[in-house]
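A short worksheet on the structure shown next.
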Amino acid sequence: MSEAAVNVALFGAGRIGKIHAGNLVRQPGASLKYVVDVNAAFAQDLATKHGAKVVDAQTVFDDPSVKAVVIGSSTDTHADLIMRAAAAGKHIFCEKPVDLTIERARACAQAVEKAGVTCLIGFQRRYDPTFAALKARIDAGEIGTPELLVVTSRDPGPPPVDYIKHSGGVFKDMLIHDFDIFRWILDDEAQTVYASGSCLVDPAIADAGDIDTTAVTITTRRGRICQINTSRRAAYGYDQRFEVMGSDGMLQAGNVRPTEVTAYGRKTVGTDLPEAFFLERYRAAYAVEMAHFFDVIATGKPARTSVKDGLAALVLAEAAAKSFREGKPVEVGDHADGKLSDVLAAVGAAAQ
Amino acid sequence: MSEAAVNVALFGAGRIGKIHAGNLVRQPGASLKYVVDVNAAFAQDLATKHGAKVVDAQTVFDDPSVKAVVIGSSTDTHADLIMRAAAAGKHIFCEKPVDLTIERARACAQAVEKAGVTCLIGFQRRYDPTFAALKARIDAGEIGTPELLVVTSRDPGPPPVDYIKHSGGVFKDMLIHDFDIFRWILDDEAQTVYASGSCLVDPAIADAGDIDTTAVTITTRRGRICQINTSRRAAYGYDQRFEVMGSDGMLQAGNVRPTEVTAYGRKTVGTDLPEAFFLERYRAAYAVEMAHFFDVIATGKPARTSVKDGLAALVLAEAAAKSFREGKPVEVGDHADGKLSDVLAAVGAAAQ
Amino acid sequence: MSEAAVNVALFGAGRIGKIHAGNLVRQPGASLKYVVDVNAAFAQDLATKHGAKVVDAQTVFDDPSVKAVVIGSSTDTHADLIMRAAAAGKHIFCEKPVDLTIERARACAQAVEKAGVTCLIGFQRRYDPTFAALKARIDAGEIGTPELLVVTSRDPGPPPVDYIKHSGGVFKDMLIHDFDIFRWILDDEAQTVYASGSCLVDPAIADAGDIDTTAVTITTRRGRICQINTSRRAAYGYDQRFEVMGSDGMLQAGNVRPTEVTAYGRKTVGTDLPEAFFLERYRAAYAVEMAHFFDVIATGKPARTSVKDGLAALVLAEAAAKSFREGKPVEVGDHADGKLSDVLAAVGAAAQ
Amino acid sequence: MSEAAVNVALFGAGRIGKIHAGNLVRQPGASLKYVVDVNAAFAQDLATKHGAKVVDAQTVFDDPSVKAVVIGSSTDTHADLIMRAAAAGKHIFCEKPVDLTIERARACAQAVEKAGVTCLIGFQRRYDPTFAALKARIDAGEIGTPELLVVTSRDPGPPPVDYIKHSGGVFKDMLIHDFDIFRWILDDEAQTVYASGSCLVDPAIADAGDIDTTAVTITTRRGRICQINTSRRAAYGYDQRFEVMGSDGMLQAGNVRPTEVTAYGRKTVGTDLPEAFFLERYRAAYAVEMAHFFDVIATGKPARTSVKDGLAALVLAEAAAKSFREGKPVEVGDHADGKLSDVLAAVGAAAQ
């Protein structure tokens, strides 16, 4: 390891924190110095595994040797940690969403901009080899002008109702990724968003004020169209596909299977179910994402998924929620928080 | 051929008329007696091929030996021919749509009901082996309760603009089939319809007052959801797929390929493009459909795709067109012609 | 129907005879005049269905109005009927194999040649849309020089042991088709044949002196290689695939499925089993084959699968049987009947 | 890292050595202490990267703190290093083949047995997730009794002719893996081996006394059958598939693709070519293999791919080479080195 190690602090030692820690320590020159978690046992286990130290947040921000932080703690801590990290001049890798309110997310974006640090938001799908290859092929002109995007996004099963109550609702919690995919793949911004949905999986989700099945349609400023369909429960597992049709062809991103075994039995010719859930499905994506973060730190080039992308996806989630509540399409400029372009302009740059 | 031949008259000797004639003459006991077409040469060619006679419409309706008519002539002739055939007590096989107006379509349905004849509307997709097998598996409970339907329906290329001008618009001309698929697969009726769309393929289509790319969302009375995406042009050919997710699994209907050749080259592993267009894609469906028509005539059992299905699909097409014009979702009961249930009730039966 | 009808007599009113009759009557200008079968009831049923007459063989050969015969009766009748038909100047469509002995098959070939009639042998696989498309792509140079052919050929279940006893053995009865595929696809003749095999499916097959599982390797004069694997029983149905690798790529011919439904369940993502058996799998091939026969009659051009192809496949089957008996590879010129080229030369033409 | 680190020395700092080093340092408790390579620069680069030291072989064997060696140097060094490592009491991970002669391979097996150390031979395919899952499903009885195995094994392009000259021939160099797959999947030993082959790719390979295209048939003691087809050049890349049919079904192991993108263009529906070559295709397998090696060291359980498996595969390669030379099948007991069972018995254990 070279002498100029990049010392990193990790917030959150849960499921996703462990993934990030594992990828982090594989980066040349990276050193996991601190682990912070409200659950002391989780923190200690992970710290021991990687030779790090358990500390509180303030210690991290006070230590000038810490160059970057990785935030994988609960959503309600994100904005505060981002703003403190930015103020302390540390580069930031933060899980999505930035925050559940546009106001605070915008404040984060402004703090990051002012501090001049990197703030990569964990939209890991953009780093997935299949999705990234598809995007590169669009950019290379393989299908001409993209026109129509269909996104299928279904979880294997709903989270506990208690989680749902604090999730910010399905649009912010689950579709936030799909809204980011939309912006990335169609390379355009939303004009209108129309969301419908139902509670078909579990009545307890309705009791919690949420829905579990959604269908969203976005039309863009250039007239392109995106349809998103989601469910909190797919009996066959985690379903993550999309297809984009352009003037010269179509590209589909299919599910990833654990193996390439095909079984010919007496009733069917069967292949594997898709990878079970996001930790398995996006294993490679998480690794690429972390490598990108360190590359951004080393080179100063912009992060592929910035805090502004996080903010823009949140604006769409709010618009979708509003559309669903009101039963009609929402001009993205319709809702209380102003047009997306204004929101983004206010933080100093265009969305793209 | 047995003595009790079923004499049939065919209206329309064009592309689809030829298909129907070919299937018709293969039915045991069927005899193509007359061909009627405004284009005398077309009529004569087809009549000669099958040993039939070219006559005018009135001759058909006046001939008591004619038991059934097959209507494959242009859309503007459908309603008149249906009503005259019904009045003459002849069974009817009519291409979709019944008519471009709900009023006339409803009048057809009433005339058919009053006459007590069969009126099969040519929603041939329901007879396609893949689609029919999928539906049978839903009905057998394989995926539990259907919840979410995604329909992809794209033509290889747009028709001439002159055709588009008289087509009744993309919702009635093209999506009419998809609306029928929706009702059939989800086995439910629409509550609201939201349609968005763009003209992305050819500005001349916009000049003709139509669009070429659409995205429709239907929510049903039971909270099920359907998303339809269509385009007048897919560079890779005719794309006809749908998938339905239920509480216990998902079923997909894929495209049909001409051959099962897979080619491993230096750049890709390639398979055939889908069958070129509807005549090729639905070849088997047209044959099954005609056999079903003769079975219906022989047994008196109800047609799988009745004039009421034709009317119901038209109501959805009108609702979609209205939604697109007004930029907001339409309650199916919202529009001038009354609720779908009322429309169907008015013609004497439930939608199903 | 035009006045110059082609009158045809059909020998054999069983399973395959019915298929051929159905295809035959769809040919423009074809008329099924006679049906001949030792089973009078079968003959009468089929004759009635198609308006034909039941007669004995001699009546067929004595009737100068009969232009062609279709032979779908049992294998032991083929050679006699071919020779009588040839002598009577009638065109011949005969199911494979020509005969179980090379001597008689050669005599057939000579009789056909002398009479100057067409004798199409029913190697229907060459007419299958998938296989024919693959062959056309090889011929167009898509994979450069073909080098390696792997043929998979498995039946859903073994025939009755009583059938096996009179079948001539698995190489003549079952692999005869695969030997023809080999010659057609690699466009080359065998130098050596090596056959191994086992009785793994049913010991009664071994008791009958036969085997049920085989592996054959053929090397050609130009050094190309073919591997064939077969079984009398595949639990998952009828398996008919092959792949050919060339200097510039590979082409695979896959199984054909009844529908394009894909089912995502709790355990697997499943598609249909292959078409059940040859009548279903090669339905299109039988139709194309019959159309080709009538085209050959009408135009005088050579049949795509001639009696010489039938003879050549039989020579390979004999060589394989000998190789299996002796446990070593057989030079195709090794066995009692002389080199393949001599055999073919003796009947007046090169194999191709 | 715990105090009881497993110190390891790596022989060979080339392509495969780097892969093994990368996987080795990820094992908990593993420490790469030494790197040995005739190419000093290669050795130093790899040593520097992982904090190891460059030494000569003797230093490794003299250092009692070295618990295991990984041998990824050229084939001609394998046997000597295995015997020296065994004598020094070190556990061994050695790339295939053990040696090019049965005598020396047998001596290695005996030395390993006498020393009581582990000797894992790098048949990495057994560790591949797809292949291992398939094998587990056979073992679970999913396809009943395995009967027929078809192995397809094709390289993207031939190695330099100079390499071929010293490779021991295609059967030892390339098919050695396929012979191991055969023994593993069919869980049986060979009775006879028949090999045919051609030089179709490059005449220089024939000039070097070798062939580039092979077809091997193995029959087992229990009458099961295996066909292997190989080529030194597949225009479409690295092709590694096999399928095994049993009494109750079939399992196929397909190629692995870099991404799950499907592209619908104007000519074809295309997916990715297979992973480019073995380093990419078996990336996961190499990692699992190394983890297994450390598990074996830690637990003392037998290695999944032992030196006896290496020896057994070599016996088959020799038999295949002899069969090809003599143009006839070879009883595995036929050749100079005695029956496979004797060979394996001589080293103290049954093949399995």
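As written, the chain order gives the labels A, B, C and D, with residue 1 at the start of each chain.
Basically, a residue touches a chain if its C-beta (ideal position, glycine included) is under 8 Å from a C-beta of that chain, and two chains touch if they have at least 3 such contacts.
Everything quoted here is computed from the prediction, not taken from an experiment.
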Each chain counted as touching chain C and chain D at once: A, B
B-C against A-C, pair bridged by the larger set of C-beta contacts: B-C
Between chain C and chain A, distance of the C-alpha-averaged centres to the nearest whole Å: 59
Geometric centre distance via CA averages, chain B-chain A, whole Å: 42
Chain B and chain C, separation of their C-alpha mean positions in angstrom: 41
Overlap residues in chain B, where contacts from two or more other chains coincide: 143, 234-236, 239, 248-250, 263-266
Arrangement of touching chains [line / ring / star / complete / other]: complete
Parts of chain D lying in touch with chain B, wherever the complex brings them together: 234-236, 239, 263-274
In the complex with chain A, residue positions of chain D that touch it: 129-130, 133-134, 137, 142-143, 248-256, 258-266
Interfacial residue positions of chain D with respect to chain C in the complex: 143-145, 147-148, 150, 152, 154, 192, 194, 196-201, 213-215, 217, 219, 223-227, 229, 231, 233-236, 239, 245-250, 327-329
